[in-house]
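The data blocks that follow each hold one structure.
Each of the next two complexes has subunit A plus one more chain, namely subunit B in the first and subunit C in the second.
Let's look at the complex of A and B:
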């Protein structure tokens, strides 16, 4: 049993790497999508809304299969890991755009008014006044989303990424047992997400105080 | 383009059968899950410490475990403990358990949002604890919880797609079958995605409209 346990742990680095990369892709691409979502031009705004709705309404497994089997069987060949990073990254981007929007809506309008009154140009108003405060309000929801993302990366096992869920199933098939193996898997996921949950609580308590009211 | 359309027309009936299975599994697991959620929510508020601790443990484990692992546990894991479930039963059990864990928090928040004066008034007019809950707290608390519960139900419907991993003949399993037989993976998964979107996009828009309408009546 001890040896079995180590073979599941072998999947942990990939689970964490996939979560971090997908989150990074999403946190960065979420930004332009949020800005498009707020654009004054209707077609731009509708494109962003369509993107957000599509990636939030169609389950992750469809996107992973579409990218890995659909795109990957064409001219470009994609590894399972890269496909998973792209798929989960785009889903994260759609969700992060919504989180940024919520954070922006939560800011006091006085911040924008004061910046405008001081004659600060749009670019600097966003870079120096709005965005730093926005990120603080966005952080707790972003961490909550990241914990959900960590669990969703298990779906990547279905396209062959050898992370925790993949190792667990390989082990269950090799040993013809399952009960305790899946319980261990569940505990591993809980254990990885615990530090994130602590960070989320800390962020919620401290960062919210540093946003102007 | 024409090719894709005729390909879609050929396989749409098969995918629709799969969609029916997805809808059935969702409609079975959502009510069971919400009932479990109510039980968990009451368990967490219970005065008995061991019951409270047990409920918190179950809920945290249910929320911390990926739904995929829950499904595989129910289908591949339970037989080694002497309980063999069909892929339907395993899917409903796993999705209901996950729904219960998540919705317990939604329901608890709803119950806690009922103004304390309601409870005081119920005690003052001499209602028993059971009647306080049944006639005063639950009707008001559950009403508050309706929009987030509907939002979560959409996620459960999307979660049925993971039934693919336990050979549940739902939409994705059928699309994968078509893809691996015809090697036209792209168009068939696009069609599967469109079918999901056709249900989830209007549902999402409806829920957010309902949320806005209900929030009009909430004093802030």
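Let's look at the complex of A and C:
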């Protein structure tokens, strides 16, 4: 049993790395997509809308297959892990773009007006006034999404990323056991997401105290 | 000299005419109160003067800067306009994620390109002037409404504007808190600041401002020396409005 536990645990670094990298990719790329989504020029806006729609409505598994077997089998070869980071990262980007949009819409227009009236130009208005406040409002939804993402990374096992779900499946096939090891896997996922949730809750409360009027 | 000139300024939202051919001049150092019923276009007028809302037609001139409202405004002109004219809002609109000090320093650093240390020093000076030096490291949410509005005034003064626009600066405040804001404004007026103040504070209009402009339905219906308008308003509309405000 202890041996089983350790072999599942071996998948944890990859699960965490995949979640972390995909989230980083998504949180960063979500920004330009959100901005394109708000652009005045229609084609730009439509491109962003199309991107968001595609990555939110087509299931992650399909994207991973498309990227790993489709893109990755052509001239450029992509490892399963890189394919998963790209796929999950783009899905995250689409979702983060929507989360940013909601956070922006929730901002008091008076903030933009005050900054404009002070002569603060667009770049600094966003950097110093709008984005810091948006990030605070976006935090709870972003964490909820990140925890969902952590679970969704299990799909990467299907293209051969040797993370937690992969290890469990392999073990199940090797030992013909089921229930126990899946319970272990479940507990591992809970153990990883718990600190996330706790830190996020703490950050949310302390930040909220400041932003609250 | 930073006179303000508003020439035939009009503003529409769709078909709705909100400002209809507005004309007036304000000399450097004058304090002008704008009064009138809600919805008459007072806020829109202030917002047009600093181009928060670009007017549809007319001319807005502040000092030697002249904005032709039918042309697309050049960014350099907008920058100059906003540096010359400060604005204070009814709802304060302080930046909640920045300390009081940083609220006052931000535009100095971003617009005037002052180094942080120098900006913070100037901010402290301004906070002392509005009596809030001890709040510099607090966040705005920890300050009372009256304090927040005084911080907002300090923030607007940080760009060394030549004129200040106030849009109902005390309407969101309890009377006592409003009073501390009005005191700061009165002191500011005494330093010779050119001020346009939209207000329902009739005592301020009468005692502090030199002239009063009365608006209704997007037009100026009366305009003259404060005492004269407050004591013997000429139009029935103004009389009616003054009655309503005084009876509150």
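One rule holds in what follows: the second predicted complex is superposed on the first by the 211 of 213 C-alpha atoms of A that agree within 3 Å, B and C clash if a C-alpha of one lies under 4 Å from a C-alpha of the other, contacts with A are read in each partner's own complex, and residues count from 1 in each chain.
One rule holds in what follows: a residue touches a chain if its C-beta (ideal position, glycine included) is under 8 Å from a C-beta of that chain, and two chains touch if they have at least 3 such contacts.
All values derive from a computational prediction rather than experimental measurement.
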{"item": "Which superposed partner A:124 touches (first subunit B, second subunit C, both, neither)", "value": "second"}
{"item": "Partner chain(s) touched by A:158 [first = subunit B, second = subunit C, both, neither]", "value": "first"}
{"item": "Subunit B versus subunit C as contact partner of A:132, first or second or both or neither", "value": "second"}
{"item": "Which superposed partner A:35 touches (first subunit B, second subunit C, both, neither)", "value": "neither"}
{"item": "First (subunit B), second (subunit C), both or neither touched by A:16", "value": "neither"}
{"item": "First, second, both or neither for A:108, with subunit B first and subunit C second", "value": "second"}
{"item": "Subunit C versus subunit B, contacts on subunit A by residue", "value": "B"}
{"item": "Touching partner for A:59 - first (subunit B), second (subunit C), both, neither", "value": "first"}
{"item": "Subunit B versus subunit C as contact partner of A:199, first or second or both or neither", "value": "neither"}
{"item": "Touching partner for A:190 - first (subunit B), second (subunit C), both, neither", "value": "first"}
{"item": "Footprint overlap on subunit A, comparing subunit B with subunit C", "value": "none"}
{"item": "Complex interface listing, subunit A residues touching subunit C", "value": "108, 110-111, 113-121, 124, 128-129, 132-133, 136, 209-213"}
{"item": "Subunit B-facing residues of subunit A, complex", "value": "53-54, 56-59, 61-63, 65-66, 69-71, 73-74, 151-152, 154-155, 157-158, 165, 168-169, 172, 176-179, 181-183, 185-186, 189-190, 193"}
{"item": "Interfacial residue positions of subunit B with respect to subunit A in the complex", "value": "60-61, 64-70, 72-73, 76-81, 154, 158-159, 161-162, 164-165, 172, 175-176, 179, 183, 185-186, 189-190, 192-193, 196-197, 200-201, 204"}
{"item": "Residues of subunit C that touch subunit A when the two form their complex", "value": "50, 52, 75, 78-79, 82-83, 86-87, 89, 91, 93-97, 106-107, 110-111, 139-141, 152, 155-156, 159"}
